[in-house]
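The two complexes that follow have chain A in common; it is paired with chain B in the first and with chain C in the second.
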Partner chain A sequence: MLAPAAAVFAVLFVAPFAFLFVVSFWRVKTFKLRPDFTFDNYADTFTKYLEPLVFTMAIGFAIATLTTALAFAFAYVIRFKAGRHGNALLVVTLVTLFGGYLVKIYAWKTILGTEGILNSALLALGLVREPLTIFIYNPGAVVVTLTHFLLPLAVLPIYGSLRGVRDITLEAARDLGARPARVFLDVVLPQCLPGVTAAFAFCFLIAAGDYVTPRYVGGPYTSMIGNFIEGQFSLKFDWPSGAAMAFTMLGACLACVAVSRALLGLARPR
Partner chain B sequence: MAADAKRPDGGRTPLVQLRGLTKSFGPVVAVRPLDLDIYAGDFFALLGPSGCGKTTLLRMIGGFTEPSGGTIAIDGVDVTRLGPEKRPTNMVFQGYGLFPHMTVRQNIGYGLRLARVAVAERAGRVERIMDLVRIAELAERRPDALSGGQAQRVALARALVMEPRVLLLDEPLAALDLKLRKQMQEELRRIHRQIGGTFVFVTHDQGEAMGLANRIAVMEAGSCVQEGGPEEIYRQPKTRFVSSFIGEANVLAGERRAGVVTLGAGAGFAEAGADGTVSVVVRPEDVRLDPGADAEIRLDGRLEDVVFLGPYTRYRVVLDSGEEVVVHAGDAAGQAVGERVAVGWRRDRQRLVQGS
Partner chain C sequence: MTAVSNALWRAFGALVVALMLTPLALVVLFSFTDNALTNFPIERFSTRWFRTLFERAEFWKAFGNSLTIAGSVAVISSVVGTLAALALARLGERLANAALVTLCFPVMLPALVIGIALLVFFNKTGVPFSLATVILGHLVITQPFVILIVYARMVGFDYAAVDSARDLGASPWVAFWTVTFPMVSTTVIGAALIAMAISLDDFIITFFTIGGGNTLPTYIWGKVRTYLDPSINAIGTILLALTIASTVLALRLSRYRG
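Up next, the complex of A and B:
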């Protein structure tokens, strides 16, 4: 039973990954890959691309935090406050997933753009005389767009873990003298920590790895590391550099997630 | 049977006073307006069939369900509008409700932590209560690594450690197998003796109520139909429902005319009261086969079935009226199945209840 699964896993996940990892130590000469064993690509990544790398981690962190917080609030309402309307809310959340990724990006372009809905409304209301340009082509627009895209994906694991929290444990906590805030901190949060962590890590990895959203709504000064990696692979045909940057980003992401996890873990009771 | 069947009050005010307490869920009336007094030191059972409103009543006392009407006073203080965190009660939930992310020790210590009991004192009290309910060796386990009986003890310890004025238990032993249930009943009795608190527990098992409680309230369809000591409820059931719910009972239909009761099965006797249909209730152990001269009531029938049950033998007799009478007798007499037999009992052993 295990062997076929292991084979599929190896072919689909391990092999391409391993290949890229090996390539990240190679060089390119006259547009041809040359096997080698050099750390130059990694050194280059840190010298030339440190700034976008740090920026990417920061914006990824912001997006993941914002999305996880919103998703938690949403999932919490569905689980504890909405009663029998909860399922309808959940379906609505999931249906927005069908819209797809690019559709959401264009939707936000139409909302935030200079001729967009937001500006039209402001103009119509007479609040501004000229369209504002502060809404789009900046990191804020990237945060808004990605948060909107990731929200349903983050709601799912959190809702899943909140469903595992039995009402009776909340009643027991109140019975022992816990006020609502304490019930939340001591009983709800620790029980759904795995779901929250999963949602956060998921959002962080997707946000930090994204290069489409910044290109469409981020403007010329919001380039994330993904945009540079894409450039290495497609424009410059420098696979080794691209691979080294990708693995550096992966390492940085995992480090960020690990740190966040540890911070969340402090919420556990002693 | 609990040793103390008498009322332990002696004119004191009740610890828990329920007045006109009622609860409706939409059109469903779960608890009808109900008055109940529970005294300090009571081991009080709320007994009734499934769906009669026991849990709803207990949850109202604990503060988990808001009453639709009426008041709850504990220690003379009206707590009707207070949440569970502000009441001097603690609850042992039917599903235990242990915190899955905490160890047994953390579960038990949680309430004391909230109450800001100093660390050293907290540790001591948790240790003592774990010894009392015999779970000391489980202290570092998580709830998912406990058996049903162990989880039950942890839930009990977690509530007991708070030293509540009133401990509420919702079918605390329902999930346990027979052997464990008997064992836990004994432990509950021992713990109640040892710490001397006030326990209120819900059960649909009359044997459990009789075995544990010194006071029992029998509930039927949201109302409390009778309240009293176990023996009183067993010996003097007020309604046919109570008599058949508590232990086995023979119920025979009859008719009263001008102070004379005539049973459908034949016998008659004088007893004053309103005219109409009545039922005579008599316990199987009070009925004799081939009764002696002291049995005022005598009926004839045919022996239908004999089952030897160890301490006693169970005889099933079908009377000439078609009604059945069950007899529990210690000494197996010589009658064979199919023979004609007489059954009888003393007047003071039967109860007459109005209606059928």
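Up next, the complex of A and C:
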């Protein structure tokens, strides 16, 4: 009974992925793919696209950190502070989880734009005399938009692990004289670390691999590596380069996530 | 002290909810105005942008494509995913978890990478780009959710009733349709609706695998790139209504909470 799902996974995911990896060592001549075994595409990625790659990792790290922190606080509210409203907060989180990717990006474009909602509200309230141009077409707009998009995705794994923290354990810790901060650091945090790590890794990969958000709200000077990868496929037809850039990006993401995880481990008290 | 800190926590919770919902609410709000630009002040509420949209043949084409793709994806991925979840539920927990993590791997990756991998793969294997390739591409990311949701339901499943049916002489096929399926059917429908929402909303994989033509998201993409046409608010509202309605219905049916 597993066969159909395994077939979808093998034929539509593993095979295309493996083939893309093979293609990353090929070369392109007069718009035609030539099988080869060259590392030139990877070398090119590091020489020509190092700057966007580093920028992408930096902004990915900022977005993942911000989103994970917000998501943790929000999941904490749902689990411990909201009482009977907790379920309603969870439903709100889930409602837009599976829909609205492009609509959210477009919404932020209309909110932050020079002739946008925020500026028109500020003008109407008399807070500014001229529309402000600082809201859009910069890295900040990309951070805001992607954080908004990723937040529900990050809340879920963290909430899932907070749900595993049992009230009776917390009461036991309190009864034994642990202060709230101690309870949090020694009981709550260790138990939800897997959820936090998963949320961080997930946000990092999705943010670093996005190209639509920087295209819409990032402006001409906020191109992420995804924009260049997309360009290799839709404009330049240099698939081997695009493939090499994509695998370099994935490798860099995994390295960043591993380093962040190690740092988190070091920063842990005790 | 505790009262103050609890009030602050609740205020924070309310603020995050507002942050999550406001951008989407604004899209819906402005879709029902007469404004030629999406900004304040709102002069008049109207359905002008919906009417403009409904007069365009290209909108209906994109809408039809979206429904064809999402409907097929919902049906195929719920069948394939349910079969897999039922099989996994019969395995040991460790083996099942390892299989789940593996099958869910595509969801962890940026859609861009999946999109370009499929583009190159379909191109080199000579599969012509069409709505069918989009459907195949969507299966990769919807199947994991169906498996997760149905598997979560099967974890607490009581096999006693199925075993009784088998003991009383029902074939596996009859036992499945008369005992197992009625017990899990709402969850399966819920999972199918989630798959539908994901498919309806997907832009990136669709963009790389459709070849020609539009779905609602690629139609929005084309418009945002050129000029901020207020009819985008109306398409956005329709897309949100479809995805949110199927998600809400799915949550009610499957009682799935992450």
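Basically, the second predicted complex is superposed on the first by the 255 of 270 C-alpha atoms of A that agree within 3 Å, B and C clash if a C-alpha of one lies under 4 Å from a C-alpha of the other, contacts with A are read in each partner's own complex, and residues count from 1 in each chain.
The rule is short, and it goes like this: a contact is a pair of C-beta atoms (placed from the backbone, for glycine too) under 8 Å apart; a residue touches a chain by one contact, two chains touch by 3 or more.
Remember, predicted model here, so these are calculated numbers, not experimental data.
Trainee: Examine A:Val187 and indicate which partner it touches, taking first as chain B and second as chain C; both and neither are also allowed.
Mentor: After superposing on A, A:Val187 lies in contact with chain B but is clear of chain C.
Trainee: So, does A:Ala69 touch the first partner chain B, the second partner chain C, both, or neither?
Mentor: neither
Trainee: In the superposed arrangement, does chain B or chain C reach more residues of chain A?
Mentor: C
Trainee: Could you tell me if A:Ile206 is touching chain B, chain C, both of them or neither one (first, second, both, neither)?
Mentor: In the superposition, A:Ile206 contacts chain C only.
Trainee: Between chain B (first) and chain C (second), which does A:Thr169 come into contact with in this model arrangement: first, second, both, or neither?
Mentor: The answer is first: A:Thr169 touches chain B but not chain C.
Trainee: Looking at the overlay, does A:Ile117 come into contact with chain B only (first), chain C only (second), both, or neither?
Mentor: Second partner only, chain C.
Trainee: According to the stated criteria, A:Leu132 is in contact with first (chain B), second (chain C), both, or neither; which is it?
Mentor: Neither: A:Leu132 stays clear of chain B and chain C.
Trainee: Which of the two partners, first being chain B and second being chain C, lies in contact with A:Leu264: first, second, both, or neither?
Mentor: The answer is neither, since A:Leu264 touches no partner chain.
Trainee: Examine A:Gly242 and indicate which partner it touches, taking first as chain B and second as chain C; both and neither are also allowed.
Mentor: Second partner only.
Trainee: Which chain A residues qualify as touching chain B in the complex?
Mentor: 166, 168-169, 171-179, 182, 186-187, 190-191, 268-269
Trainee: Under the definition above, what is the set of chain C residues touching chain A in their complex?
Mentor: These residues of chain C touch chain A: 6, 9-10, 12-13, 16-17, 19-21, 23-24, 26-27, 30, 37-41, 79-81, 83-84, 86-88, 99, 102-103, 105-106, 108-114, 116-121, 124, 136-137, 139-140, 143, 147, 194, 197-198, 200-204, 208, 217, 220-221, 224, 228, 232-233, 236, 239-240, 242-244, 246-248, 251, 257-258.
Trainee: Of all residues in chain A, which touch chain C in the complex?
Mentor: 1-2, 4-6, 8-9, 12-13, 15-17, 19-20, 23, 33, 70, 73-74, 76-78, 81-82, 85, 89-104, 106-111, 113, 115-117, 119-121, 124, 148, 151-152, 156-157, 159-160, 201-202, 205-206, 208-212, 216, 226, 229-230, 233, 239, 242-243, 246, 249-250
Trainee: Quick check on the complex: what are the chain B residues that touch chain A?
Mentor: My answer: residues 62-64, 83-85, 89-91, 93, 95-102, 106, 110-111, 114-115, 158-159, 162.
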